[in-house]
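For clarity, chains are labelled A, B, C and D in written order, and residue numbers in each chain start from 1.
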């Protein structure tokens, strides 16, 4: 099956074509859904078979290149239309097709009754097609094809409900914003590609990476290449300063947010950096930049997440923050840990989004968590799976998020970046806090919605995907149990991926040695921190309102007692929560996000538009004026001829 | 002179088209229903000539005492012209009735212009280039102003004619200087003598004036000013032909004259000029296109910026650049013809529905047209895997190879800007509701033409390797 | 032939630029067109002078073709001008500027 | 002063002065007449250069046929007289004249810098024959057959084009 890996790409394309061309004619939603998700399901099965085939091969033979046909041949540039099956691309392929399949199935229920049901499924299939191209490519050009393709699908799907209003503008504007921001990233990526071609004379992964470890290239060139590629990654993976598009991208249907803007596409940047690990490892300065940008993104996004009231926005900022973690891992040189977090994050974040979708579905498109509350009794499955995901993202052992997040933090510390470790732990606490604020406000406490809403549990076609993802979120981390717990087997996930990063690790400074005690101590700190944050969040959002309202009237004595406790809360509020909340709303969200970064992006576009408006006036419509311009050009050219000799 | 049947065999594409013109005139004279017959005849002529050019691509020879080359890239160009004209003919079938130029003569002039293009591509002597250029240009002037009742067409054809003739003046003067200093008009002899002539300023001035004339024809900055007005005023399908066939023919002539000169050690002689032209065309075209409201004007500015991308290949001056230009021209011809074809379908009676706003909500009313136009727009903006992407890639790589990395960077920057206005159309079609009711005209032939272009665009995007190998093998 | 060829060429260059000036400053479309004819003729003078001084007839044959082209251009150009005049009743090319920006 | 130099001066003065008058007259008919005069002067120069065939064609085709067409159209359309030179858009016009002057100076510089006369070999005897109808005709129907045929198509296209532009009935 490994030789036929291209089927995993062709099947989604086929699904796209069938649904895209015949979709309007097929009136049957079920059939469209089956075609759409069936093609992805088959791809997933093929990926699984390929995975086991590869697993049975000896470690040094696990890379298979499947060449379809020669593609570009100009001079010394030879690029084939060929796919590379190895440990890294298999992990990603399993993830994309697996999670993709689950979300496709979920969408059958979620998009039920939409007037453009067929269009939605054809776009989703097109997305999987492009994404598979991206991760299975064996060269930069093919990767870029997928890179642009996923961007395009994301753009189409954000604006899917183009007739709906989204905040102040339309969803189409949100789509456009995503596209413009992504083009800045793409520019960086293209520049990086050119530099690679100039330096190594090839765009093939194997050639480039082998030459990168052999060729005598100065660190400056490596830094230039790495920083260009990283700019590309910041665009796609929503890192500072290009993260602004992702919250707006939530204008799309929720399954899209789950699949594209949480689980798969946004991790393309992480994948690309991991794939190019050799290049990054050769530029240690850039690695530090990657780590710093990553952790800054993580904490900024997490603090913004504290105050959002839109359920999908909270999750969007949480995604940005988790992506920041992944880049922190990459920057710390722990490429395997970064990919590990990509995987676990895909499970629990997809689950969170699908759960949110289920809630939104039940609440008739209401997205404000202040108008939820007490949904637990109406939606048992959704609430249970949601809490699993929330625990996983908060890093509570032994759920999946714990292992991946802790591995990243440990490597950060072990690599001497202890300061970043501190911020990382704070971020983890913030994460736990806002996740449980979200959970508590949504599912617990009293209902705060009107009587016109009748929440109900979603149909099976939506809940079963939730359950599957919940199981994955629980056990997904077990394949990456760190060495100190698993004994002589070591970290299985790591061992599986290590051949990919061998070249990179050879280039980097070996990690300092640290004792197991340190590792366990750090782990304990972060777990305790997260647990405290969870307790704190539940305390504020669950207990405080009820204490304030009910007990104050009934038991005046107890009330005074509790009032003191309340003072503690108040103190917390004033000293910690309020400054963060205020700072986060007034500066980080409003100014940093909306003014500075939006302003720069829009400003550049505006400047170009203004230049455009003025320079079109040059076209006066007078033929003789045109002739004068021509003659002017001729004079200049003649001067050039005269002076050049 | 033609010496044998073999020689006759080599010029069959030319014979087909010129025979077509003569037969068309006779048909036009004696037939009442000449429009339909001439449509069928044109389809036949262009199809046969185009396919035969590709079939006989290996018949490389030099005929007429070193005047005309056949085979190789000459035939590749001939293929581009003829298939381009084939698509234009399909698009015209119903368009010219709507536009009000439903005459048989239309097809005669169309065939004449293609004959001119083919002569330019095959030229081995300045005579042929000149005659071919004028045959094409004069046909174009007529095509632009075909419906004399329409004021826009009058104005477009007058501007095109005056400025075109003005440029011709410079070309003739340039040829005069080249002839006087090199003592020949034969390209091959010129190539041989070129190294001794590089010190001769008068010769260089002659080449420069010649080049300026052709810079006008390819619509590059600063000789681009006629383009938006002429494209806007001309019949839409004809504007499509100007921007594709006309541009391709002018590039073929530049390649014929200069490629030979470039390949020597003095290849970099005109590079500064070409860099200037190329960089400014790209930037100017992309920036001004942003503020256009008329789709034909927008496509005109896009055509200017594409002339810039193509000129990168000229500035690179290596065989990769030449191969890149030819590939790019093929890709550009088909995608631009497709775009103009859809504009022609959307256009209403009396040149209405040409504003960009008319495209709002097209995806709802006519998903097929919207999807096709999106393909062309993606291809024009250089998004893979369509043909336009590879065209740009080949010329950019050629530029990098000859050390013009920054020019390639300007190219990338300009294509980043250009995405904005191409995708604006896509956004309008998919994400906006229609303002007014715009019903595309029903034209089976037009749809065939557009679909054919789309197929060629996708094919060139998926299998660029084989075509580029074919082109490179003749360099 | 005691006159150096430079004199002919300078004469030709001068008349060429007179033609260019005419194109740039005249408002009447027909006169603009006539100025273009003047440019072509000056270029012809260059060709004939070179042809004669080089002793080969290629330049004169080229002039022959330039005349053919000029005739063809005249036919088409005047037809275009007549068509425009019928619509707009003016030949002033300053007023022919509906298509712009 | 030989006769050749005298004739050169006379003909070139006729050409230059008539050219300048042609672009400065406000009446289009007078402009056209000066252009004919200019063509006549050029024909004289062609004769001096031993280009008999071209000189004759110049008079018959250019001055005789093409310019008559021009005159015909001018009289048919009766355009208004143009305004004086500086009445409309004077700045643009002065700028245009200045650019033209600069290009002229550039060309003169190029001419006298590269001195084409130095590279010419004195084969004057041959040149007397090169301009005859016989020499040109021979070349035209042998070496230059293809451009000749192509020119035929060019005239054909122009005829069809002119007809369709000016005569065709349009509903």
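Keep in mind that, in the parts below, a contact is a pair of C-beta atoms (placed from the backbone, for glycine too) under 8 Å apart; a residue touches a chain by one contact, two chains touch by 3 or more.
Here the structure is a predicted model, which is why all the values come from computation and not from measurement.
Enquirer: Starting from the defined contact criterion, work out which chains touch subunit B and subunit D both, please.
Expert: A, C
Enquirer: Point out which chain occupies the most central position, where each centre is the mean of Cα atoms.
Expert: Closest to the centre of all protein C-alpha atoms: chain B.
Enquirer: Between subunit B and subunit C, what's the gap in Å when you average each chain's C-alpha atoms?
Expert: Using C-alpha averages as centres, the distance is 26 Å.
Enquirer: Go ahead and note the Å separation of the Cα centroids belonging to subunit A and subunit B.
Expert: Here the centre of subunit B sits 43 Å away from the centre of subunit A.
Enquirer: Taking each chain's centre as the mean of its CA atoms, how far is subunit A from subunit D in angstrom?
Expert: Chain centroid spacing, subunit A to subunit D, equals 71 Å.
Enquirer: Let me have the rounded angstrom distance from the C-alpha centre of subunit A over to the C-alpha centre of subunit C, please.
Expert: 65
Enquirer: Can you pull out the residues of subunit B that are in contact with at least two other chains?
Expert: 127, 131, 134, 138, 141-142, 145, 148-149, 158-159, 162, 166, 180, 201, 205, 228-229
Enquirer: Enumerate the residues of subunit C that touch no fewer than two other chains.
Expert: Within subunit C, residues 9, 16, 19-20, 23-25, 32-33, 44, 49-51, 54, 56, 58, 61, 65, 69, 72-73, 76, 80-81, 83, 93-94, 96-101 contact more than one other chain.
Enquirer: Touching at least two other chains at once: which residues of subunit D meet that condition?
Expert: 96, 99-100, 103, 107, 110-111, 116, 144, 147, 151, 154, 157-158, 161-163, 165-166
Enquirer: How are the chains arranged in terms of who touches whom: line, ring, star, complete or other?
Expert: Complete.
Enquirer: Which bits of subunit C are touching subunit A when the two form their complex?
Expert: Contact set of subunit C toward subunit A: 20, 23-25, 32, 93-94, 96-101.
Enquirer: Which of the residues in subunit D come into contact with subunit C in the complex?
Expert: 2, 4-5, 8, 12, 15-16, 19-20, 22-23, 28, 31-32, 35, 38-39, 42, 45-46, 49-51, 53-54, 57-58, 61-62, 65-66, 69-70, 73-74, 76-77, 79-80, 82-83, 85, 88-89, 93, 96-97, 99-101, 103-104, 107-108, 111-112, 115-117, 120, 123-124, 126-127, 130-131, 135-136, 139-140, 144, 147, 151, 154-155, 157-159, 161-163, 165-166
Enquirer: Any idea which subunit C residues touch subunit B in the complex?
Expert: 9, 12, 16, 19-20, 23, 29, 32-33, 36, 39-40, 42-44, 46-47, 49-51, 54, 56, 58-59, 61-62, 65-66, 69, 72-73, 76-77, 80-81, 83-84, 86-88, 93, 96-101
Enquirer: Which residues of subunit A touch subunit C in their complex?
Expert: 616-617, 619-624, 627-628, 631
Enquirer: Quick check: in the complex, which residue numbers of subunit A touch subunit B?
Expert: So the residues of subunit A in touch with subunit B come to 20, 24, 69-75, 77, 141, 144-145, 148-149, 152, 156, 159, 162-163, 170-172, 175-176, 179-180, 183, 186-187, 190-191, 194, 197-198, 605, 608-609, 611-613, 615-616, 619, 621, 623, 625-627, 629-630, 632-634, 637-638, 640-642, 644-645.
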